[in-house]
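Shared between the two complexes below is subunit A, which pairs with subunit B and subunit C, respectively.
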Partner chain A sequence: MPKTLLEVKGLTTHFFTDRGVARAVDDVNFELLEGETLSIVGESGCGKSVTALSIMGLIPHPPGKIISGSVHFNGTNLLNLSEREMRRIRGNKISMIFQEPMTSLNPVFKIGDQIAEVLKLHQNLNKKDARDRVIDLLNQVRIPSPEERVNDYPHQMSGGMRQRVMIAIALACDPKMIIADEPTTALDVTIQAQILSLMDHLSKSTGTSILLITHDLGVVAETAKNVVVMYAGRVVEKADVKSLFDDPLHPYTIGLMGSIPGIVAKDKKIRLDAIPGTVPNLFDLPDGCRFSRRCKDAFERCYKEEPELFDYKGGRKVRCWKYEEA
Partner chain B sequence: MFPTMFGVSVLIFFMIQLIPGDPALLILGERATESSLKAVRINMGLDKPLHVQYGKFMYKLVQGDLGDSFRSNEPVTKEIAIFFPATIELSLVAIIIASFVGMVAGVISATKQYSIFDYSSMVFSIMGISMPIFWLGLIFILIFSVHLGWLPISGRLSAHMEVELVTGFVLLDSLITKNWAAFRDAFWHILLPGFTLSTIPMALVARITRSSMLEVLRQDYIRTANAKGLSPLVVHYKHALRNALIPIVTVIGLSFGILMGGAVLTETVFAWPGMGLWILNGVYSRDYNVVQGGVLLIAFIFILVNTVVDILYVWINPRIRVN
Partner chain C sequence: MSAEKKSDDKLITLKNITKHYPISSGSFGTRKGIVRAVDGVTLAINRGETLGLVGESGCGKSTLGRVMIRLEKPTEGEVRFNGKDLISLSRKEMSPLRNKIQIIFQDPYSSLNPRHTVGRIIGEGLQIHNKGSRAEQAQEVKRLMGLVGLRLDSVTSYPHEFSGGQRQRIGIARALALQPELIVCDEPVSALDVSIQAQVINLLLDLQKEFNLTYLFISHDLSVVRYISDRVAVMYLGRLVELASKDELYENPLHPYTTALLGAVPTADTKTRKKRTELSGDVPSPIAPPRGCHFHPRCSKAMPVCSDKTPEFKEHTKNHWIRCFLYDKKAKAA
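Right after this comes the complex of A and B.
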């Protein structure tokens, strides 16, 4: 039985702005096991990225603030650490890959130096050892002729190559965990598949846990073992990937599944089911269940009371009144 | 660079002819006879048509000869050797103070936006830009020299100090000859005029650094740098400032040229024996060769500095490099 690496409990992050308080992340709970890939899924603005940045302690403050909750990593509550202690964890024990490979690398420094920077910072490597390790890392992320590419600037590389460099930076210090925030969203489909299989391979060979944040259920199906579905700052469903796809429970998850284009026979014309309406305004959340205004199955209670995360068979959890008795 | 220099030489040569007044009359005085005036004009070559005069001027210029001063009869190059180092030294000190203080203030303002520091540094920079420099110089002299007695009132060196001149730059020469007492003396002398002259460029640099940094700090690669666990100092001064640098060095380059030409007021207030005062006196006495030579040299330095800035762009931003 693998150990729990990361345990997020009751994490609540709000943004205090002139327009009011945005409840971006509200009482989020999940855990990530050692060597596991866990995926957080949801639409834009559901709080996925804020959850990731809260774990990293990178919420811009002001306006953002973690109101309550705990983030236990290897037994230590990260939220109790000082900024200086947190810096020793960032890029070292927990590293992060971002959505935009085109703009996530600093345009004025050579990619080799950008990778070496973390090695010098966290592992005190000297120039030569750092360079050797950088070339080794570029090999691992399958960048051809790494001895030459170390001296490239980001603008000399394609998007896929830059994302590989970002992965190399993330891997540099053998982290326990990598948070990948929409790592393939900005890439071509063929490159997406390459990057995903690379991440999968690397996580298996190094035993690194991955917290994969995405809105793309295709990506989830391909890589994750367990899935957390988020909606408007709340966790609405938790399941292993197989049962989630076989038998989605929450009406929102069912809606998400319905909006994936499948392979359809030639003359059968099937319209995709879109979820009606839009994500609620985080400054002014509706009473009751946050999904109720868009839900096909909503009944009276849904508009008044917010359901808790009910247990469902097979260790699954779902936040919907339909499953109160299950 | 050369076409620019040529254009500048034409402009300077013909513009100076627009100043009313006859050099010969100014040299000989009002009661000079017509024939002696004519003799002086012929002697100085002022009787020839303008294009011939320009041709002669250029012919001598390429040989490094800027003609003689009408007033002192000394070669202009020799006078430049005396006055030019003082101005360059003052301008360099001013631009170094302005760049350093301006950039640090700008970075702090940007990283602590809307803080007390941000507001007060922006108030100071508005004041720095709008304050008349001769007045500010006088105020500084009153406070630091007269009342507090910390710094000398004027000049480059105290009267009893002697420096063996090698380059003409007093600070440098006293270092070369290991004359520490003179170095300290020259340093105290240049502090007040240097700081006075630096206020305007300092304010410009601070404002441009702030706005450029604010733009850069929102970029994704700054988030990456933070996620690497780098300290704020490294994130701000290495990752962000390097990207924000292009508009900043542009302003510094332009300011340097303006400083050199505009040092007249500061030089007057602090009795600094520099080019500004020398050229101004040249204008009053219609000393064409002095004005031409001086302005040409300043223009040359200005072009040179901005060429260096262009080269710096390439170093700062690798995307500008041509493969």
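Right after this comes the complex of A and C.
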């Protein structure tokens, strides 16, 4: 049985602005095992990125604040660490890959120097050793002729190549865990396929856990082992990937699957089962279940009381009154 | 079959369309090279059908769409709409035809003027083309808003007050205002969340049925294209490489690029978690495309002839067009 690497408990992050309080993440719980790929999936504004930034201690304060909860990583609560201590973990034990490889690399430094920066900071490598390690990393992320590409600037590389450099930076210190926030969203499908298979290969060969944040159910189906579905700041469903796709429980999850062409509706003769309406305003959340106003199955109780995350068979969890007895 | 009948009724035909952009630099504008965005595309869209146009970024699909509605003048080639040659028309002669061809853009944020009310944005075309009195125009704007599912009391609101999905509805209402026959949909749902994307796709299909609209549906999302299209064209580096009916193309793709492209799509189906044929490398630059077949440096089935000559776009089986030497017996033998 693999050990738990990351345990997020009751994580609640709010943003205090002139317009009021945005409840971006509300009582989020999940755990990530060693060597596992866990995916957090949801639409814009569901709180998936804020969850990731909260774990990394990167929530801009003000306006953002972690109100309550704990984030245990290898037994230490990251939320209790000072900024200095946190800096020793970021990029070292936990690293992050962002969506936009152009804006997350510094345009005026060579990519080799940007990878070496992490190594010098965390592992005190000298110039020569750092360079050897950089070339080794570029090889690992399958960048051709690394001895030459080391001296490239980001603008000389394509989007896919830049994302490989980001992955090399993330891998530099053999992290225990990588948080990948929409790592392939900005890429073309053929390049996305290359990057996903690279990440899969690297996590298997190094045993690194991956927390994959995405809006794309296709990416989830192909890469994750377990899935957390978020909606308007709440976890609404948790399941292993197979059960989630074979038998989605929460009306929101079912709605998402019906919305994507090809899963339920394969041809335009069958109408897409779109979810009506839009996501609620985080400044002014409805009473009861946050999905109730868009839910086909909602009944009276849903508009008044918010359901908890009920246990369901097979170790699954779902936040919906329909499953209270299950 | 209705598909047979339809195929005689071509609404728009493109013949050998080429669009090159010169790259110049310095104060004297010295020419440094040419971007071959579109390189000899021949294509027809039948009345009432949806033609899907897929390809990766930089393949020229958006440029082709813009040429089709004459936002861009092609370097070479011919565009005929209802039999009329659009390229030779003057600005003035083109004006009445602009009604008939409209476009919906990808980004619902930058394609609406932030200083105009929704009513003005939707009604602008009616004003320019003098359709009816002021009161009639206002009435028409309301009808259009109802049609696309916008609240009628939001006619005086500004774009920033709407969500992405609603903004896309505004863009659709604007495109519908002049009762077009052809709408170029350039990645109309790519910027939207999936639940909203489904609402907009349903709306586009409803409107097509109601007004017998013809769509060119440009997208990089192969699942959406499969769902919405009747026929699908695949583009790579400025050229069409394959064109067939939707079912034929997805079930029996012939061009190695199409096969790789379809194989790369992650499917939300855990049963078919597949070993894919991964395409190596990146799309080459359209400034210096490879000689011969543009795809040959990435193609697993490339033959010597592929780096030397450009394959023609040929009808391989009925209504299944392909540009590849693998399906050219003479070239294969040589």
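In the analysis below, the second predicted complex is superposed on the first by the 320 of 326 C-alpha atoms of A that agree within 3 Å, B and C clash if a C-alpha of one lies under 4 Å from a C-alpha of the other, contacts with A are read in each partner's own complex, and residues count from 1 in each chain.
Note that a contact is a pair of C-beta atoms (placed from the backbone, for glycine too) under 8 Å apart; a residue touches a chain by one contact, two chains touch by 3 or more.
A quick note: this is a predicted structure, and the numbers were derived from the prediction, not measured.
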{"item": "Subunit A as common anchor, with subunit B and subunit C clashing or fitting", "value": "fit"}
{"item": "Contacts of A:N126 with subunit B and subunit C, given as first, second, both or neither", "value": "neither"}
{"item": "Computed vertex angle (subunit A) for partners subunit B and subunit C, CA, steps of 10°", "value": "80"}
{"item": "Which superposed partner A:L256 touches (first subunit B, second subunit C, both, neither)", "value": "second"}
{"item": "Residues of subunit A touched, compared between subunit B and subunit C (which is higher)", "value": "C"}
{"item": "Contacts of A:Y153 with subunit B and subunit C, given as first, second, both or neither", "value": "first"}
{"item": "Contacts of A:I169 with subunit B and subunit C, given as first, second, both or neither", "value": "first"}
{"item": "Subunit B versus subunit C as contact partner of A:A274, first or second or both or neither", "value": "second"}
{"item": "Which superposed partner A:A221 touches (first subunit B, second subunit C, both, neither)", "value": "second"}
{"item": "Touching partner for A:S205 - first (subunit B), second (subunit C), both, neither", "value": "neither"}
{"item": "Closest approach of subunit C to subunit B (Cα atoms, Å)", "value": "11"}
{"item": "Overlap of the subunit B and subunit C footprints on subunit A, listed as residue numbers", "value": "none"}
{"item": "Complex interface listing, subunit B residues touching subunit A", "value": "219-221, 223-231, 239, 242-243, 316-319"}
{"item": "Touching residues (chain side subunit C, partner subunit A) in the complex", "value": "56-57, 163, 165-166, 193-199, 201-202, 205, 220, 222-224, 226-228, 260-261, 263-270, 273, 276, 278-280, 282-283"}
{"item": "Residues of subunit A that touch subunit B when the two form their complex", "value": "56, 58, 86-92, 95-96, 98, 100, 103-109, 117-118, 121-122, 153, 155, 166, 169"}
{"item": "Of all residues in subunit A, those that touch subunit C in their complex", "value": "43-44, 158, 160-161, 188-194, 196-197, 215-223, 241-242, 245-246, 255-263, 265-268, 271-276, 278-279"}
